[in-house]
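Look for subunit A in each of the two complexes below; its partner is subunit B in the first and subunit C in the second.
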Partner chain A sequence: MKMTRSWDRAFLHKGLGVRRILILAILSGGIWAFVQLDLNPADLVPTSGGVQVAWAFFSRALSPAIVYEAEFVPSDTPPLLWKALQAAGTTVVFASAAMSLALIWGLLLGFLASSSWWVGDPAGGAGNVTAFVRRSIAPVVYGSTRVLIAFMRSIHELIWAVLFLAAFGLSHLSAVIAIAIPFGGTLAKIFSEMIDEAPRDVAHAFRGSGASATHVYLFGLVPRALPDMTAYSFYRFECALRSSAILGFFGYPTLGFYIAASFENLHYGEVWTYLYTLLVLVILVDWWSGALRKRFVV
Partner chain B sequence: MSDRELKLRYLRSQRPRSRFAYWSALLLLVVMIGSWFVGDFQVEDFLSERRLQNLTRFLHELIPYPLQERDFNLGIALKWAGEILAEKGWSAMVVTLAISVAAIVLAGFGGAFFSLPAARNFTSPEPFLPSLRNPHWAWRFLWRALVWMTRLFLIFVRSIPEYMWAFLLLAVLGPTAWPAVLALALHNLGTLGKLGAEVVENTEPSPLSALRGLGASHLQIAFTGLFPLTFSRFLLFLFYRWETCVREATVLGMLGIVSLGYWIQDSRARNHYDEMFFLVLLGAALVLIGDLLSSLARETIRRFS
Partner chain C sequence: MMWSVNEGNRKSQGRTSSSRGASFTLRKSSVVFGSTVALDSVDLHIGSGEAVGFVGLSGAGKTTLLCLLNGTVRPTGGTVQVDGRDLATLSFEELRKVRSGIGFVHQDLSLIPNLRVLHNVLAGRLGKLSFWGGMRAFLFPQRRYVHQIHEILERVGIPEKIYERTDRLSGGQRQRVAIARALFQEPVGLLADEPVSSVDPARARSAVSLLTEISREQGLTLCVSLHNLHLAREFFPRLVGLRAGRVVFDRATEQVTEDEFEALYDLNGV
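And then the complex of A and B:
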């Protein structure tokens, strides 16, 4: 009797109860997933062929190739390290071209999707027309923008790439647009949230001194959200680098292309050379955005 | 110059700004604009006659096959969609979801585990409270080395994209669902470990110092102090990462694991673009449902903890 009561109390306790339910949900979800996928730990032991591949591959982790491993290399091929650098350059070019498009769409749609653009007037007291616009048109605009953003985001960049591959054929520009669409959607979503959640102090002060709603938005709200937006853009740039590298698997000349090619030719040392190049690239941008964030927070 | 102008000028000079941030933004801008000149994008070619013809043909083929040469009929459309769903769409969606859930559970356990040795304030000879005796410098160094080793590991698994992990693991483990699950788990373990370490480092230290003062060991602090204090925030990150897991799980199928991506690639190879587009939309729906569930869960956590 006593035990049930204390159990009841523990379960009804607000924080603990919900948390326990969530933990149980996650764990049972995990069990369901393992059963559904037929994930057997015994399958984790690679087949004998797999062991050989694994050993051959991972043993080269500490000795990446400096020169080509192929026995015959055409005389006009650039040295391996130079080629890795070129591939890294292409990866950066694809990523930054995609980011430039994504930023334009992200800012545009982000502004449209932020509700403060429409209802951000803390003083209230608008004329009839403005009130009408605010009540009826604004929700339609930011509502439909949010639907568009959700659609752009919900399809993965690689699937956009496959769609464009089917629609246009292999074209470098279509790879860039494939990355830019979901990234633009994500940027728009996060930007609009950042603007809506930005501190209102400056906006209130501006409004109080008689600035128009547009001025309040552009000079009171957006600058307050700008540091966060910049830091987030850098983080997305890092993600864009990874995506652009992956697009190589679909035939674009970024790092993924050479990784796949070297791996399939069993030149594992070269694979590590390219992998480390990607690693350095990503870590560099990661460090950069981290340093930037630190400076903004302080 | 009037008094007011002087004051304005003074305020302007005193505004908070960072040279580093300024140059970073400028550099990013230059790189972004420059990439359009360096990259061989052939913008004119993109809108050439041939490509536009290709596009119109493609758009025409997106219309469901039984509807292509006739007026729209909802019954036929639904029958067509129902057949694809029954044949592969539904089971592929379940597999995609299962891969993402299995991966995030593994990543959650791994990330929680590795977040401890990656946190500088916890992984030291004297966590949260200076000890009476000064620890030997070599001892101190060993603990610090553990932090950097863990961080190196986390950044390594995080920097390699999921798709690449899956590609490499597929060759090692053979065609089960493991490569996809492990690939997602590894990448997200790196992210969750890093985020978890930041949470640990930003935790209000006084309860932990009190525990240490009572003589708690590292393990005891972790279980009785850090776990309850950081768990909610960690769960927030877990659900946030799960959203990306659902997105990625769709795509990993293209490597041969039978999630949605497999059938998307398959119908593309057979030039059944109508079917491909339908499957893409199914994937989008799955991602949106995942986003919704995740934001519901995060809202609940925020409200109740």
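And then the complex of A and C:
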């Protein structure tokens, strides 16, 4: 076998060195955070009162309530399971409205935040005003869009909800927009990246047949990214269901509203009923997206 | 198969259709990528309705030459003319218009795998449509287009695949989709880059014969790059030999000598 010369070795090891440092840095970063927070496993041992509450709560996991646990129930109250179903319906409606808005923003902003629509047409033609405008304006549009979607994402939907409730009160629109803003930002970011990473061969071919930049983008790049974009949108829809349920804590009639109420009244069986309803929702969405993806034709 | 050629000397038959096809003229055209000279001062004229084969080793510059002809690569020196108009002087819209008249069958086919055949072929027309025209055609394809595409697919031999997902087709069938897309452009020139690289010899032959036959029927100018010298000699009345970015011969196929072919493919001198 041939001996590796020393400069060969230096070259060979250099590639791994960076990687080794990175792995060590990530590990020590994690440990540092634990130390900073003074995390101690002993904290997980609950107080004696806590043990009782925890037991009372978790012991109902296998026996969720079928009827109300309260002794006195007003006669015009619908049955518990019917109410859970209604709350689930409301949760889905809020999530769907928010996702529809978020998808529109995600597609529009995702377009502006991807570099594919303005980077590189090697043969633009002479005296080309369009190309000049694209080359000088596009980076500005691109940059400001990326800042905008970073802003949308960096604020959690609950904080947006607090802001909108303070400004507009408990309107349905406040809740929908509170979810739609961060979700739109996240979708825009992920969509733009998926589109930018899609193979460019087709885009190049379309451009060569005279297609406009917008057509190249819409029909040459987006379809290639569409299966991934769809799968990701379904995942975000799941997240939207959770967020919409949580907004019940502010008083919207979604699952969270009833979870909070039952929890306060120590009706843990009802809490589990609502939690399982949420679980079924998420499983349904998962199943739906799986079924759709299996036979996906654009 | 319906598109198979009847044997015989196709290449010597005269072009019947009139001067519909595009003409291409290169004057001292060079293309330099960084430090690589892909094409070195190429002079070439391809007349309307001609069928020309580009032959040469890997890296000789065949793909680059084809890309010059539809303006997707700009010459770093010299000029490229299509139908007598210098591409460098055209506005963006004019260049798009020229490109929309030139079909290009790519070496890697460049099809969208998760679209139906119909939509992949439809994309060929985008260059001739407005923004809304393209949206309409893609989302709600007009019957007129569907019929036209069905006819073209019939011509290339896969009419039953029109609603099939493209990634469910075989390599040879995909190749036909790529050809159909170029034809749906209603082009005046057809460029094909190594259209036989992904299929077996029999299919390679039928693909080349399909291209030459259709071009002759419709009076299109045809330029095809080929590694396979036998196919090139069989189907093209004129051959252009490229070596390291230079044209080493450019004449009627029967006038190219064996020595010239051997020199073209001589690996020692590269």
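Here is the rule we go by: the second predicted complex is superposed on the first by the 240 of 298 C-alpha atoms of A that agree within 3 Å, B and C clash if a C-alpha of one lies under 4 Å from a C-alpha of the other, contacts with A are read in each partner's own complex, and residues count from 1 in each chain.
Here is the rule we go by: a contact is a pair of C-beta atoms (placed from the backbone, for glycine too) under 8 Å apart; a residue touches a chain by one contact, two chains touch by 3 or more.
Just so it is clear, the structure is predicted and the values come from calculations on it, not from any experiment.
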Partner chain in contact with A:24 - subunit B first, subunit C second, else both or neither: neither
Subunit A residues touched - subunit C or subunit B, whichever exceeds: B
First, second, both or neither for A:224, with subunit B first and subunit C second: second
Partner chain in contact with A:214 - subunit B first, subunit C second, else both or neither: second
First (subunit B), second (subunit C), both or neither touched by A:205: second
Partner chain in contact with A:155 - subunit B first, subunit C second, else both or neither: first
Partner chain in contact with A:36 - subunit B first, subunit C second, else both or neither: first
First (subunit B), second (subunit C), both or neither touched by A:283: first
Partner chain in contact with A:70 - subunit B first, subunit C second, else both or neither: neither
Shared subunit A surface residues [contacts with subunit B and with subunit C]: 227, 296
Complex interface listing, subunit A residues touching subunit B: 14-15, 17-19, 22, 26-27, 29-30, 32-34, 36-40, 43-44, 46-47, 50, 53-54, 57, 89-90, 92-94, 96-97, 99-100, 103, 150-151, 153-156, 158-159, 162-163, 165-169, 171-174, 176, 227, 230, 233-234, 237, 242-243, 245-246, 249, 256, 259-260, 263, 275, 278-279, 282-283, 286, 288, 291-292, 295-296
Partner subunit C, residues of subunit A touching it in the complex: 122-131, 201-202, 204-212, 214-215, 218-220, 223-224, 226-227, 296-298
Subunit B residues touching subunit A - in the complex, by the definition given at the top: 18, 20-21, 24-25, 28, 31-36, 38-43, 45-46, 51, 54-55, 58-59, 94-95, 97-99, 101-102, 105-106, 108, 155-156, 159-161, 163-164, 167-168, 171-174, 176-178, 181, 231-232, 235, 238, 247-248, 250-251, 254, 261, 264-265, 268, 273, 276-277, 280, 283-285, 287-288, 291, 297, 300-301, 304-305
Subunit A-facing residues of subunit C, complex: 67, 70-74, 87-104, 106, 108, 110-116, 119, 123-124, 126-129, 131, 134-135, 138, 165, 182, 185
